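Have a look at these structures, which come just after this line.
Each of the next two complexes has chain A plus one other chain: chain B in the first, chain C in the second.
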Partner chain A sequence: MRICLIGFGAVGQGVVKAISLKKRDIKNKFNMDLKVVGVSDSSGSAINPGGLDEDLLLDIKSKTSKVSNYPKYGNSAIQGIGLLDNIDYDCLIEATPTNIETGEPAKSLTLKAFKDKKDVVTSNKGHLALFYNEIINKSKENNVKFKFEASVGGAMPIINFSKKTLASSKIESIIGILNGTTNFILSRMTSEGSSYKNTLEESQVLGIAETDPSQDVEGIDAACKTVILANSILGIDCVYDDIEIKGISNITSEAIELAKKEGYLIKLIAEVSKDNLKVAPRLVKKNSPYAVEGTLNMATLKTDLADDVTVIGKGAGSLETASAILTDLINIGKLKN
Partner chain B sequence: MRICLIGFGAVGQGVVKAISLKKRDIKNKFNMDLKVVGVSDSSGSAINPGGLDEDLLLDIKSKTSKVSNYPKYGNSAIQGIGLLDNIDYDCLIEATPTNIETGEPAKSLTLKAFKDKKDVVTSNKGHLALFYNEIINKSKENNVKFKFEASVGGAMPIINFSKKTLASSKIESIIGILNGTTNFILSRMTSEGSSYKNTLEESQVLGIAETDPSQDVEGIDAACKTVILANSILGIDCVYDDIEIKGISNITSEAIELAKKEGYLIKLIAEVSKDNLKVAPRLVKKNSPYAVEGTLNMATLKTDLADDVTVIGKGAGSLETASAILTDLINIGKLKN
Partner chain C sequence: MRVDLILELLDIPGQLVNILSPISGFGANLVTVIHRRDDKNDDGMIPVQITLEGEQESLIQCIDKLKEMKVTILEINGVVSKEKIRTILIGHVIDTDIRNTLDRINKLKEAFIVNLEIKLSDENESSAMLVIETDYGMKDIVFSKIQEIANEKSLLVVNEV
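Now for the complex of A and B:
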């Protein structure tokens, strides 16, 4: 499987590292040859039909921050969508930053790859939150595979879990913590009794919250994931604007203290069901599956046969997110064999 | 797919109920026709090559407790292993009670079905804990499918999860709560401050603990599941006698209180790794994935790429366990198509 990777930030680098670590295992276990033939970042690209060296890619990127500095095969003239016309590949891994205003460049990249009859794996949320149905329909029209486990919850692999491991049950609703940054802030406010403002600042210092934290703390990131789960697991036709969103910036340490005294925690909860599509702070019971701390994500699937089943995992992280992308690649490879 | 079901207790009845509820869905979604052609309990059997009526089976069993009373197709002369020579079927669902001394009748039933080139799905732990490798090898020799998700943790579907949803990662160890009864007892002792003896009695009144609770409280049930996970997920060749086992009957309310003060809970934890195969009471942190209460089971898979991923679900329950058996049936059906 010849891979073209567009987007070489934390997720993209995680993918290349994971391929370097696991390609021998994947060859042995699934009879799949993973070969990275093209990588693009904002500096340009590196292209080699014979396969790029993963460790060298990572080294060049970490030392110079430009993939176009890759020896011999580096190219500062070809970049992004332009790369797709300049290499022969089987699967696009689309790992550009999420853009919730336009869904770009993820949308154009994905549709271009579909048109060229290529499979796509993405970690991007923006285009899915805005244009889920259009994108899925285009993948079907072109008879290509499209997978996006990594777009929701990094290493909390809930989409494949629903479809494969819970094949016998109908999923009736999903309730979960889909954003790690807000879970970290609320957990710290609970354990330390600190204010929202101070805890946010601490999270920024630790690199857990971004300089502009609004995507996380205003519930935007969790809402994008809500759209993706609603469409892909529950078959609810919805877009980002259908989600009722309330963030955590008004939560006081007093409210948390009050909840704590009664045996509850405050968490930013996403609810995905026929009746409710919303992200809002809610009370959850201590020592329940919802009570996970730190940057963990979790989701409880309410099912008809298996009752409640919960998955907990890291919501972010370079290698963790790459694990979801690699599982998607393996599943595409299996479908092709 | 023509199904022969041996063992018509809580799990067996759950399977028949689940098939009744879901056979139309399964036909539509997976193009599989599930047909129950034979059912056996200790009274005899009901056999109809054209298919038995699921709701009538459940009704007869609940009203008379004997499946042999099934109108027209009931038979008190044919029972258990004898049934396998008297019907034509594709898959045996083996749901007899676990026997940790001999593994019977599960072992004989399973090997007989393999010899006859039939696939087998089981919820039984005994034969797997005692003879895992022998049984797996026989299934391979006979080129039949053998699945046993329901043997570990009912609706905490960890085996399929490891193999399918986490396909890209190597599972390095598993740490979990694999027994619901002991989790209930320890959770109640923690919330109520009650003694082990009183809490056990309360659990027996509620039907959560059995009259002879030793399989649960002495850690035997969790140890059987430890063997199954070690072999099937981690590839560790081991049997029941290799597991170091310590139950919960010596846990005092004072110990629980002391742990609580320091932010910990006491849980009966199974550890499955190359270095450790053991079941023992251990301290876990509050508000961690290990802190689940009631009869819930959980397991944290420590992986190389995805870091820690946890699954939580009901460890028992008629329909919940049936959900795992039905997913196994669906997976067998997919492999055949």
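Now for the complex of A and C:
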């Protein structure tokens, strides 16, 4: 399988590293040859139909921050969508930044790949939160595969898990913690008794929260994931604007203390059901499945036959997120074999 | 026939007698009593499990009378009938007429506030924990009413999941 990768940041590099680590196993287990033939970041690209060397790609990117510096095959004139016309490939892995205003460049990249009859795997959620139906319909029209497990909960299995493993049950609702940064902040406020402001600053120093933390703390990231779960698992036709969103920036240490006294914790909870599409800080019982700490994500799926099923996992991280992307690739490969 | 009830009573002598004497005339017999003192809560209340035996009519009359006396019935024949739900309000909780907030919640049928604790934060803002007793199954209705009041008063609500 010839892979074209657009977006070579934390996730893109994780994918290349994971391929380097796992390609022999994948060949042995699934008889699939994974070959990275093109990579693009914002500066340019590296293109080799014979396959790029994964370790060299990672080395060049970390030393020079530009993939176009790749020896012999680097190219600073071809970038992003331009790469798709300059290479023959089977599957696009799209890992550009999430954009919740326009969904770009992810949307154009994805639709272009579909038009060219290529399969697509993504970790991006902006375009899905804004144009879920349009994008899914286009993938069907073009008869290509489109997978996005990594876009919700990183390594935490949820979309494939619901569709495959829980195939016998109807999923009635999903309630979960879908953002690791806010879970870290709230967990620290609870264990340290510290204020929101100080804890946010501490998380920024630790590299857990971004310099501009608004996507996380205002609940935007969790809302994007809510849209994806609602559409893909519960079949609810909705977009980002349908989600009621409250973030955590007004949570006080006093509120956390009051909750603690009653045996409760405050968590940023996403609720996905026919009646409710919302992200808000909520009270959850200590010792309940919702009481996960640190940057972990979790989700409880309420089903008709299996009753409640809970999944927990790492919601972010370079290799962790790449694991979900690689699983999607393998599943696409299996369908083709 | 028999009915098993779990009542919530203050753990002081004479409480059970106080509530049982008014129902003694309905023709039901008290078969068992278990005081679950290990489950005493912070307000000194304990669950008391009782079994009454008698005609269906008499048993219904007994339960109605207990409700009329505002005795909290936690369970009837193993079915939970009351639950405590919790919510936190954050913002200008006091300045936005807290009396009015509480009254409007208490006015809801089958919901009343059994505990309120407030902590002050900066700049006149505060955080308030409300513990509300409701009939089982009424939780969503009570929470949506609280949300409505909070929206009106620009308060952040942190409802129980």
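Everything below uses one rule, namely that the second predicted complex is superposed on the first by the 337 of 337 C-alpha atoms of A that agree within 3 Å, B and C clash if a C-alpha of one lies under 4 Å from a C-alpha of the other, contacts with A are read in each partner's own complex, and residues count from 1 in each chain.
We take it that contacts are C-beta pairs under 8 Å (C-beta built on N, C-alpha and C of every residue); 3 or more make two chains touch, one makes a residue touch a chain.
It should be emphasised that the depicted structure is a prediction, and the values quoted were computed from it without experimental measurement.
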item	value
Winner by number of chain A residues touched, once chain B and chain C are compared	B
First, second, both or neither for A:287, with chain B first and chain C second	first
Partner chain in contact with A:206 - chain B first, chain C second, else both or neither	neither
Chain B versus chain C as contact partner of A:246, first or second or both or neither	second
First, second, both or neither for A:335, with chain B first and chain C second	neither
Touched partner set for A:258, first chain B, second chain C, both or neither	second
Touched partner set for A:317, first chain B, second chain C, both or neither	first
Interface residues of chain A shared between complexes with chain B and chain C	none
Of all residues in chain A, those that touch chain C in their complex	175, 246, 250-255, 257-259, 261-262, 264, 266, 269, 271, 280-284, 290
Residue numbers on chain C that touch chain A, as the complex places them	86-88, 90-91, 117, 119-121, 125-129, 131, 156-161
Residue ranges of chain B touching chain A (in the complex, touch as defined)	18, 21-22, 25-26, 30, 155-157, 160-161, 164-170, 187, 265, 286-289, 291-293, 296, 303-314, 317, 319-320, 322-324, 326-327, 329-331
